[in-house]
Amino acid sequence: MALTVVVAYVGTLLWTARVSVSSARIFPTGDFVGLGQYERLFRNARWLLSLENLAIYGVLFILACLVVGFLLAAFIDQKVMGEGVLRTVFLYPYAMSFVATGLVWQWILNPELGIQRVMRRLGFEDFTFDWIVDQDNALYTIVLATVWQASGLVMALLLSGLRGIDEELWKAARIDGIPTWRVYASIVLPMLWPALSTAFMLLAVMVVKLFDAVVAMTQGGPGTATEVPAKFIMDYLFGRANIGLASAASIVLLVTVLAVVAPLYYARTKAVQRGLK
Amino acid sequence: APAAEPLKATVSHWWTSGGESAAIREFADAYNRAGGKWIDQAVAGAEQSRASTINRIVGGNAPAAAQFNTSRQFRDIVDQGLLNNVDDVAAQGNWDRILPQTILDVIRIDGHYYAAPVDIHMPAWFFYSKKAFAQAKIKDEPRTWDEFIATLDKLKAAGLIPLAFGGQVWQEKIVFDAVFALVGGPELFLKVYRDRDIAAVRSPAFRNVLVSFRKLKAYTDPGAPGRNWNDATALVVSNRAGIQIMGDWAKGEFSAAGQVAGRDFGCFPGFGPKAPYIVAGDAFVFPKTAKPNVVKAQKLLATVLTSPGAQAAFSARKGSIPIRPDVDLSQLDMCARLGLAIMQDKSRQLPNAEMLVEPDLNGAMQDVLTNYWNRNQTPEQAQQAFAQAMKDNTW
Amino acid sequence: MANVSIRNLGIQLGANRVISALDLDVRAGEFVVLLGPSGCGKSTLLHSIAGLNDAAAGSIEIGGRDMTYADPKDRGIALVFQSYALYPTMNVEKNMSFGLRIAGTPKDEIARRVARAADMLQLGPLLGRKPGQLSGGQRQRVAIGRAIVRQADVFLFDEPLSNLDAKLRTELRRELKLLHRQLGATMIYVTHDQVEAMTLADRMAVMQGGAIQQFDTPDAIYRRPENLFVATFLGAPGMNLLRGRLLRHDGRVFFDDGHLALDVTGYPFRQPPAEGQGCILGVRPEDVEVRADGPCRGSVTLVEAMGAHRVLWLDHHGTQVAAIVQDEGAPAGGAAAFALRPDRLSLFDEASTQRL
Amino acid sequence: MANVSIRNLGIQLGANRVISALDLDVRAGEFVVLLGPSGCGKSTLLHSIAGLNDAAAGSIEIGGRDMTYADPKDRGIALVFQSYALYPTMNVEKNMSFGLRIAGTPKDEIARRVARAADMLQLGPLLGRKPGQLSGGQRQRVAIGRAIVRQADVFLFDEPLSNLDAKLRTELRRELKLLHRQLGATMIYVTHDQVEAMTLADRMAVMQGGAIQQFDTPDAIYRRPENLFVATFLGAPGMNLLRGRLLRHDGRVFFDDGHLALDVTGYPFRQPPAEGQGCILGVRPEDVEVRADGPCRGSVTLVEAMGAHRVLWLDHHGTQVAAIVQDEGAPAGGAAAFALRPDRLSLFDEASTQRL
Amino acid sequence: MKRDAMADIALPPVRRKRGGMTPARLGVYVFLVTAALFFLVPLYVMLVTSVKPMAEIRLGNLFALPLAPTLAPWDSAWRTACTGLECEGIRGGFWNSVWITLPSMVLSIAIGAVNGYALSFWRPRGASLLFALLMMGAFVPAQVMLYPLVRALAAVELYSSLPGIVLVHVIFGMPTMTLLFRNYYAALPQELFKAARIDGGGFWRIFFELMLPMSTPVIVVAAIMQVTNIWNDFLLGLVFAGSDHLPMTVQLNNIINTTTGERLYNVNMAATILTSLVPLALYFLSGRWFVRGIAAGAVKG
């Protein structure tokens, strides 16, 4: 493991950092242009907007996924009939390529094709649901579709944690007369802390790497309303053939993420050391 | 004469749809007939296909030939010395004489030929539904910008979507380039794209282009943002929309729906007889290798791909026009024949933006445009952003 | 204050029928101790009363109402789990107060009750700790605390003091008794500690194999065990048993094991004994008197010092007989003579093992 | 067979210094019982010997080798966890044989040893069950079984019999003693059961607050406690304490609490007592003789029946004095006269609480 | 509380029928079914689209049932669709996908489990630093790492080979797998590990005999993640697998991702659903491994 970490991750990180201070286009070059790429990056309105979008999207997506995933897990855990079918239903979006499902979402959300049209045909003439073509709301449709895709995984993850909780605790809670929802909120949820933190990290990774959904649903649009950093990086990496700028963007992105995640991680480690388990 | 051992050539490209597959088969057959063995590596998505090619070059497992757009996309690879040239094929095939200048400008670098062009696409055709036109009581194709606006107004009045539009960045760019070439004129077009003339960007003429472009937004429907181009085409096919400005590949959608150019739908490349014809296209490059067999295969490929027979057969399937005039036109549709005719007039040829600017600058300009199109930006703001993008993306 | 009345209860766990056809009537306000060998179903019975196991048969009545299918929270019970089942993410104080907070008890009332419980259980300095940072005994006390802060009608304790030191245990035993008096609540208490059982119980139920063998006052159970199982299960060391037969002679009845003929005419036989009936005689160690004029003799095989007293193990023709002696003057080896106190004997039928 | 020698041990758990400067020398083959109040650090000490806690200070020597930093598996120990720590996915048989399988013991040898342990622990019918399907006592027995199937040099038992019924506990106590003799292994055994402690221990260590208060034979600890803590910690009911002062008179020494002047001249003082020294006199309940000619009188406040004996609580001028009486002839109420056996007294310095 | 006074009055039994439909249970089902319906809407659209002829799709009646249902798109997607010269639908890469996914999944789960186990229980020196670095690596877009990885693999002659692509998947899966297992093990009672060490268990013995059997729920989650990710991966397969091992998703991508060619939505949908059948089957079958109370009875207190 140590070897892979050093070679694959640290190595490529250093490599990326090196490329980010060169003028490389398709291929890495040995020259050194200082922080030129970074300056350019921070003059780029789209990049700045991407970061902003990422922040909004990230908060909404992670929260929504955790809430929905937890609710699904908690409800499925009630020894319901057809558990296998339900679990599969909630998970299936995760199995499908966003290239296709994103398109379907695009259709469904499209005011001329999807929900809005159906509702209007049903007689609700004033019904409006056109977020996907609306500058200000398009980002939320990405949240909607990606939550649809990822909350099943959160559900599975939390379910595996839920199933590990000792039945005796449930009994104790029943004796104490604690309503089921309260047990989940006050006892189970804190005990799921490790699983939740796993889910959080996975979701954070998904946030940072968000790309497919945007491409399939809005292509970053309308305008640049749904641009995200990964798409920026990918655009410059491939289509726009400028790996210098793409590398600089990756480094900035990574530093940003670290600035957000590291304190959380640190807090958690401290909590573990304090015996929270 | 066929060699004892067929010349194997792996060819990487992004032509994967049904129509495209049929077209590439023409090339493969031609190559195989010429004594080669075509090994196909199709990867959908231009960017993905190119990425895979570049990585395979890096990993030392390059294909014999790889598709690129006829543009500056492969410039860096040439500069790195990673491509073989096909100078002897070019000399033999007299490329200098038969190929359009716009294409030559892209594939000839420092006097060497680094790519074999295979087709010419015109990315800014105007397709319209004859039924829709009839319904809006429009008799003629518009011959000026103003007539075009009037046409759109009539379509709107008839309760149709005047302009079938897909609100994706690249589609916006296509429409803008069309407006740019038609309203601004080729000179301004070249000044901005080729010469990176900031003054031209700040000129009233360019402002006028921006204003005209923005005017079109009123003729699109609310469902446009994010829509795929073919969904927009479907609007025209099903006569719900009047006109779509799109590349000639859109013809594939029409014919898939059983429509015929001239009968069910019409096409015109611009307004009036002098309208510029924007040239784009695809070309194959040949990654560097020392293996003599592969080099031989590369040369054979370059020869076959640019040969009249293969060109005719390919273009007919692909919907594009051949790179050379001396081919059999019988299989081409009406629009392609129209295009080919226009191409004879060198003054109407106009290279598309990608041939003139680096991919990253092109992208940056797309970003500026999409902002302008979608937000309440003033033309001045867009001019300023254009200028900034040019400065930032020139090293 | 509520009675608990169990009728014909059957409990199935997995493939095992753990409890079958069990009847138990606990009066309101009574303190009942459950005793029985490991795995006999004590915890299962408590859990069933609490409503944590589904009854396969029978009914459970609490406070005069049929609660067989009622939810645990509606039964007015509090339970100390044998395995503690503390909420691992809550500190001691939260563990104890959680149920109260849910029930909407006023804040200061909660604080008062928790403080009292913490005081009684000597948990004061630990209120801020999580269960993972406590010793075994400390966890057990938290488990007790969680139950006693509540004002239940019926308290169920599953070996609540097993992991505490003798001193603390004595103290808590007294506190629990006190609590019982104060609240007037019904208590059902599982323990393996016979001193605990004897001192706490109003009545004691001895279980075996998912069934109740005897349910009576501690004294009655100790002195007059219903059957051989109860006789041998209680007391440490256990009751001495001598196997023999009953003989009638001259209108008197004798127990004869071949070496010893004991006149048991005064024994309160439930039914007149049959001549020659196979029979087992039981006598508690403290009822074996080691004295020079004793009619029996045995060689001393082991002397166990128990602090306050000693246990002498005597070999009586192959049967080990234990005797409790007070002073150290007792023989440390060699042979000793002893007598059995005739008014303290128990006789059991050899076949049915029931008391005669 | 290995000695265990602990020098100046310090253990830190979280923010708590649980053990500090602890010394303990266990001889090879010795049976040592650890006693102490809940939370005093017994489990922590065992875990440290086993190598499960990192020593913050000091050293641990096992079998003559410094093992302070050795891996648990290299220490030649077996441990019964207070919390059992059974492998939940393995059945009883697998739980017990896991260590042996790891050690590469031959199959039939494993089977033999597991069968023996299962037999001794009465787990035979449960070998195929998973821990989750066992009762509390059954789990505890599996935990014991897992340790005793191994041939360790040092066995560490952490309250191994706490959840077993008295009968089984007596049986197992004997079995463990037997095992100890057979294997000749060193055993360190935590218990709260004083009978267990007394009967099993070669020597006993009494702990408090992470330090050892006294380490001696059971009898010595019971009869001659080193300090007030040890004196009160052992025995149930605990030692009776009378607060007074030592007075010299006529070359004799008297203990005087204001009501009673006891001649303690014969007491083996370690240092000659000072006149008027504040002092606490301790006497065990069984050394309080209730007899008509006793010099002290008290009113009987409570009589506890304990099965084999009774405890009389006597009010002696505001101090509760417990006395153990054998026969029921003892007074059930009213007043009683009693005497303290002079050869069984303990005297402690009032200030230092150390034995005089 | 004057219970005594009420004792004479016969109190009604407090009854709650077990297994029956209480309002709470009903609520559970209502929630679950509603959620399921919401989740299923896109699948419904995909399914109906996949059985409509293109002419019907162009009409834009998204939710309408097909007027002239046809299975041709499915047939085409599975075995006849042309992507370039090859006209064998997506089935061509099926076995390649299997051979890439199986070892990649098994290896990455195994390595993640061992890493997580080592990090949670053995805590070797410097491990947390390594782990932090690994987690950082998870946030770097894989695409940025392509170039150096290609160079590295080419240097060790694993580029364009099955072991190469497996290695790449293992590397990319390592951060999340390690995280997953590490946090799962953190929730297990440490005492168990201690007991096993007393029993003389070494690193591997404890891992295989104790930890692994207790890991079934998390292994299932890991398998769900890895099978899905690897099975659906397209870019890495394209770049690293070499032309002989191209996974099925390359074909899928070729079918659904054309930029300028005509798009057959019905075939696209059919192909997408077909491709996802393998992960879906896993999801469905995974149920029995989501066992309850895996650590029941292990520790007291």
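Chains here go by letter, A, B, C, D and E, matching the order in which they are written, and residues are numbered from 1 within each.
Simple rule for what comes next: contacts are C-beta pairs under 8 Å (C-beta built on N, C-alpha and C of every residue); 3 or more make two chains touch, one makes a residue touch a chain.
On a predicted model such as this, the values are computed, not experimentally measured, just so you know.
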Chain pair, B-E or C-E, that carries the greater number of C-beta contacts: B-E
Chain occupying the middle, per Cα centroid: E
Distance between chain centroids, defined by C-alpha means - subunit A, subunit C (Å): 59
Subunit D and subunit E: spacing of chain centres that average the CA atoms, whole Å: 55
Geometric centre distance via CA averages, subunit C-subunit B, whole Å: 93
CA centroid of subunit A to CA centroid of subunit B, Å: 36
Overlap residues in subunit C, where contacts from two or more other chains coincide: 71, 82-83, 86, 133, 136
Residues of subunit E engaged with two or more neighbouring chains: 60, 147, 234, 253, 256-257, 293-296, 300-301
Junction residues of subunit B, two or more chains touched: 46, 48, 51, 58, 228
Subunit C-facing residues of subunit A, complex: 166, 168-169, 171-179, 182, 186-187, 190-191, 193, 275-277
Touch list for subunit E against partner subunit B, complex: 54-55, 57-60, 81-87, 146-147, 150-151, 153-154, 159-160, 234-235, 238-239, 242-243, 250, 253-264
Complex contacts: residues of subunit A adjacent to subunit E: 1-2, 4-5, 7-13, 15-16, 28, 71-72, 75-76, 78, 80, 83-97, 99-101, 103-105, 107-108, 112-114, 117-118, 148, 152-153, 156-157, 159-161, 163-167, 180, 191, 194-195, 197-198, 201-202, 204-205, 208-209, 211, 230, 233-234, 237-238, 243, 246-247, 250, 253-254, 257-258, 261, 265, 269, 272, 277
Residue ranges of subunit D touching subunit E (in the complex, touch as defined): 47, 50-52, 71-73, 77-79, 81-90, 98-99, 102-103, 130-134, 136, 139, 146, 150
Residues on subunit E engaged by subunit D in the complex (per definition of touch): 189, 191-192, 194-202, 205, 209-210, 213-214, 293-301
